[in-house]
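We just call them A, B and C in the order they show up, numbering each chain from 1.
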Amino acid sequence: MLIVVILPLFAGILMPMLPFRTRKAMLVYLETVVSINSLLVLLLLLYMPEGTLTLFRFTGNLSVTFRLDGMGAVFAGMAAVLWPLAMLYSFEYMKHEDNEGSFFLFYVVTYGVTMGIALAENILTMYFFFEMLSLVTLPLVLHTRTREAILAARSYLYYMLGGAAFAFIGMVFILVYGTTSSFVAGGVLNMAGIGEKSDMLLLIYVLCFCGFSVKTAMWPFSSWLPKAGVAPTPVTALLHAVAVVNTGAFATMRVTYFSFGTELLRGTWAQKVVMVPVIFTIVYGCSRAVKETHLKRRLAWSTISNLSYILFGVVLMTPLGLVGAMAHMLFHSFMKICSFFCVGAVIYQTSKHYVQEIDGFGWRMPKIFCCFTVSAFALMGVPGLCGFVSKWNLAKAAVDSEMPLAYVGIAALMVSALLTAIYMMDIVIRAFCPVKGSDAVDDKNVKDANWKMWVPLAVFVAVMFYFGLHSGPVMELLEGMIY
Amino acid sequence: MQGLLLISIGLPAVAGILLLVLAFSEHLRAVGGTGVKHMRLYLFVSVMLVASVLLATTAAWTGDNSVVLFRLIESIPVYFRVDEVGRFFITIVSVIWLAVGLYSVPYMKHEGGEKRYYGFFLLSYGVLTGFVYAGNLITMYLFYELITLVSMPLVLHNGTREAVTAARKYLFYSLCGAYGGLFGIFFLYRYCGSLDFMMGGTLDAAAVRGHEGILLMVVFVMLMGFGVKAGMLPFHAWLPAAHSVAPSPASAMLSAVIVKAGVIAIVRVVFYVIGTDFLRGTWVQYLWMTLALLTVFMGSMLAYRERGFKKRLAYSTVSQVSYILYGLSLLTSEAMAGALFHVAAHGLIKCGLFLTAGVFLYRFGYTRVEELEGLGKEMPKVMWCYTLFALGLVGIPPTCGFISKWYLAQGSLHSEIPVFSWLGPVVLLVSALLTAGYLLPITIKGFFPGEEKSRENRKVHSGEEVCQGKEIASSMLIPLLVLAVLVLVLGIFPITLFK
Amino acid sequence: MDFVCNFPFISIILSLFSGPLCSILPGKWAKRVNGIVIIVVGILSAFVLAYVTGTGEAFIYRMGHFPAPWGNEIRIGVLEAFMGLFFCVIMLLCMVAGVREREAQIEESKQNLYYVMVNLLLCSLLALIYTNDLFTAYVFVEINTISACGLIMIRQNGRTIEAATRYMIMSLLGSGLLLLGICFLYDLTGHLLMSNIKEQVHILAQTGQYHIPLMVSVGLISVGLAMKSALYPFHAWLPDAYGYSTLSSAAILSSLVSKGYIFLLIKVFYRVVGFEILTGSKVANVLFVFGIVGMIMGSINAIQEEQITRMIAYSSVAQIGYIYMGIGLATQEGMVASIYHVISHGATKSLLFVAASGLAAASAGRTSRELVGSGYRNKLAGIAFTVGSLSMVGMPMFSGFISKLFFAQAAVGHAHKMLPTFIALAISTVLNAAYFMKMVICIYSPRYGGDTTGENTIVGRVVFMKEQPVKSVALICFIVLNVVLGLNSEPIIRLIQKGLAMFG
């Protein structure tokens, strides 16, 4: 279990020390490392080893400990599938960029850190890797080293560390008042020790939730994500649509369901307080996406909205809500990474960054844009694709919770679906049905991307269809892990 | 028999996708002239269309079939079942599709992009089949969304800025409606025994108790949502825009069939899932009726004011579809029968009207009402067909429009709902007058233009090669004649449909 | 009494007399003697530590074996011994790292003087740590002040003289207040020896007599020492003093001198006033409030600062705020956290100063504009600076995280101070990140703000590790120290707890 965390870390750190004669040797090395690691992860998931593994102790009962449980397995499995594919994609994409070495170094290291979060057994371990993640992804944001990138990296860092600071408060609270620091379904708080201070506890929860949700870019902490879009597309796609932001969601799940415990929180003012910004973000992110014309930033806003779907599931504080949230986390990863890679391919092939520049590209790059269309449909929640399944589960959970605020949340989901349709279909329509007479239509230089780019995309599309049409097993898995 | 059901959905869909792929590869290779392949294309499309129509109708009339395709989510199968409404609707769809398919051959040759057009044409047939055979709400919703997505390319077919804007408007309005419907489905899932369609509804009384208020609200949202597609009042703006810029055969399909998808969806929700008992006498019913009547009236008024021919027809659709909605909102079986009959009647009539509009557009490039003066002399057959359709829409016996309106009015008067029972027929009557007012003058001016318009002034727009001196190509005329005959036959022997 | 018991006294005397010795030796020899003295003292302290840990209780060493109240006592527990060791290690590393700068920046003739001052400083620090006598403490506080002044001033430019003057004034003010406090206590209790005073204070507290004078004297001592250790409103002398003096001075001053006073204050609280009385008084609250204000204001000042050393100096103000906040919590856990932070901050801040000087050496100057890209030119210093910054920000794996964790844990459950502590910690973390990470990003960006016009062409040269072996070794030691403190804090925490128990 330890290996899957350590291997990418070391492989990454070793990288500058190994003498690669050609670019190819380096790429082979990287892909091998990542694939082996993914295989190991999948093996782990197959055997689901029991027991825990302590790496070292900070002090007293605070240790860095790993354990694989259902939720972690889902997250780890997701990352394990996505990473090698994203790696393949970035080999092609990064050809155009400088400093490949340092890029891949941190890209691989991030894999290890993400695994660390997935396998974390207690809140301290999670916090530890959570902070590490902010750090190792910083150079990736900074990659191009332009003024824009530096400013983006700064705001990224401030938000991340600020969030961590608030999350820290919650963590300390759990360390002191919890019966144990491990994650136990249903919460670990020692009620006898809290006594009269439940209001204080709720306040701490709210702070902690906000802290972790900075990483999921919940409003009002959302502005870092679109800015971080200056990073190369593989980074924006894998990290800022999937890995990093999902760790935030994952952490809120852990804290809400496994540390504080939903019994305590359900129906309190704290639940309402956190639910309001979540619902607002769902709509806000989408409406900003509609307004945005920069392709990657538009998707970034869309991510913000979709991540709040996940958070919405989390703050429903019912097992069903958690199932919905996990499902959306899983499915959204595939949808969003697919759409990001498509956009990345467009940028790579044509250096066009804005929506109004892609008129008619659909006919020149059919593979890419077909994949994009599928992901757009999935994000809109067309039945038959995975987006619908998770949306359905979220809404079902919300209806079952019988909270008026949750009903508002469902309405927000619908409004956001409509807005999603607007900003995604806008691109699709432009690409396939350019207004007559626009000059971009017959630009012969625009070519479809090569196999390294579209193979991952095809896999994502297949996965979206698979989960959309046959969600039974995966949903059972998710439910099994909750109950 | 189960396989038949699936094939009837799958065949046109697969064929359509195939055509689209072809269109794509063609574009990539940038092949210029496609003239040589036309025959093969038509052969393919016609064989596919006839085959699917045969399949679909046999599936429909060989008894109650049902099949579970697979499970979308454990508790929600994609489930198809043939029932009366489906049987009825698929027949209309098939007739219209055959007519339009024939009509499209010369028309689309002129417009270009045929592969794309026929691709989506077949695809929408498959999706519509799936839609009417859907056995539960989720399956229906799935196909409902797909209808929007596959019919949208038909709207933006000619790719002008106007068309693209209209297509977007169509897409977003429709999706907005669909999401309203989905919102309701989430709740119904909680409060209904199952989402399967069953006459009389599946509402779980125990679960509903105490939540009536929220459920009514939800039903209202669903009605409004599906009403978007049917062009009900606050959300009708997309309809004139989209229907007028699409190629005429596509407008015919949209206006005659696609808008009815909203109607069918409402029928399914109100009569088959929630049940009429729950709604009767609630504020939802009254509000629904009010909106429907308002739409009937406003649609006619707007049509009356409109000078663009196709746009006028589109506004007329807004008004006519709300006849149906009004019929449904009465929640009685008599009115419902009238409403469903109007689905058929309006479908045939409006299809015919748009096809005639297409003829004028195709031959002379005329789009505005004034330009049609004096055309009766040059195109008498077409003009006579038009007149018949117009009379049908106004509701003059012996056309089928009369029958449906009769039943609607009857249903309204028997419904014993205060005010509305008499207000409804009055509004219907006024609207019929308006309909006469905006449709019949075209006939009159067509045959009796005030001053003689010389033939030399007309410039033939297109289609010279297929018409060869005749009034119009026979492949365009035959569908018109068939539709006209059907309108009359249904008007004289309505019993066949009332079974 | 074991022979080891003589060691503390020996080390004080050794460092005291090596001072004058240095003044007559030639420069090079002075340096060596100084180094040897520090090492020897360190080794002695290590022995003492081992001994005390072995016996498990503090011992008292009477100079000349005269019993109190005539004799002078030093008292050594685990904590004192450990502090002695720790101070020696840091001082040695600072001295080693700053060799080159010292030689470049200090006039040849004054080199000896510098070592005299350092030796005196070491002597006074040791005495502050070990002493069991309030008046002795005062005496060495003064010696400490004077030698610190010398360290600041020895690099002669206008700024340092001004800084030294400021430092002198503030420090003497502090000393004065301290002296007043001691006088009051003496007046109240009739003793100068800590143990005796405590007995008397206990009686006074029980009878309720002289409550106000007692509180006043506690307050005076606290404020006096706070002033000397640059608690927020009294920090004006600090940025200049740290920012412009030579490297080893800055590092030593920031990581040791102010910490010596803090240690003395904690010792006073435990050994003189008694913890219960402190908890009951309002002095702790005052310290708490000023600590929090310091945490935030120090960081805000640091954000506005362009020059790297001054920035680090302001950050010290913030960190001292942390320590006073911990003391102000007036709980056992708070004290543990504070003492841990004394250690962790000592290790980190000197690391930062050394790394900053390394970066500056590879650039044209010390402002952030000039430091752009220096992380590439001097790789080790860049890494070291990053490590230090992360530790300051409180990243897990580094020492800063542990102290933050302990502060927060100490605050949990405190009736009134929990929320303020939490919020202050969170805000100050963000602020710390704001300036430290900005600097880190800056030293790792190739151009200033993507300016490609060439106007801001970077002047600087590449500095290799081999060029400065000693400094590199020192830096590596610092990094290792930091990581060890961050990953393996358990023994130290236990040691601190044991030491505090021995205070009582």
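We take it that contacts are C-beta pairs under 8 Å (C-beta built on N, C-alpha and C of every residue); 3 or more make two chains touch, one makes a residue touch a chain.
Computed from a prediction, not measured in an experiment: that's the story for all the values here.
Touching chain B and chain C together: A. Chain A has the C-alpha centroid lying closest to the overall centroid of all protein C-alpha atoms shown.
Centre-to-centre separation of chain B and chain C, using mean CA positions: 83 Å. Averaged C-alpha coordinates put the centre of chain A at 43 Å from the centre of chain C. Among the residues of chain B, none is in touch with two or more other chains. Shared contact sites, meaning residues of chain C that touch two or more other chains, are absent. For chain B in complex with chain A, the touching residues are 24, 27-28, 70-74, 76, 138, 141-142, 145-146, 149, 153, 156, 158-161, 164, 167-168, 171-172, 175-176, 179-180, 182-183, 186-187, 189-190, 214.
Listing the residues of chain C that touch chain A in their complex gives 390, 393-397, 402, 404-405, 408-409, 411-413, 418-419, 422, 425-427, 429-430, 433-434, 437-438, 441, 444-447, 449-451, 486-490, 493. Contact residues on chain A toward chain B in their complex (touch as defined above): 363-364, 366, 377, 380-384, 388-389, 392-393, 395-396, 398-400, 407, 410-411, 413-415, 417-418, 421-422, 425-426, 429, 432-436, 468-472, 475-476. Interface of chain A with chain C (complex): residues 56-60, 62, 124, 127-128, 131-132, 135, 138-139, 142, 145-150, 153-154, 157-158, 161-162, 164-166, 168-169, 172-173, 175-177, 200, 203-204, 207.
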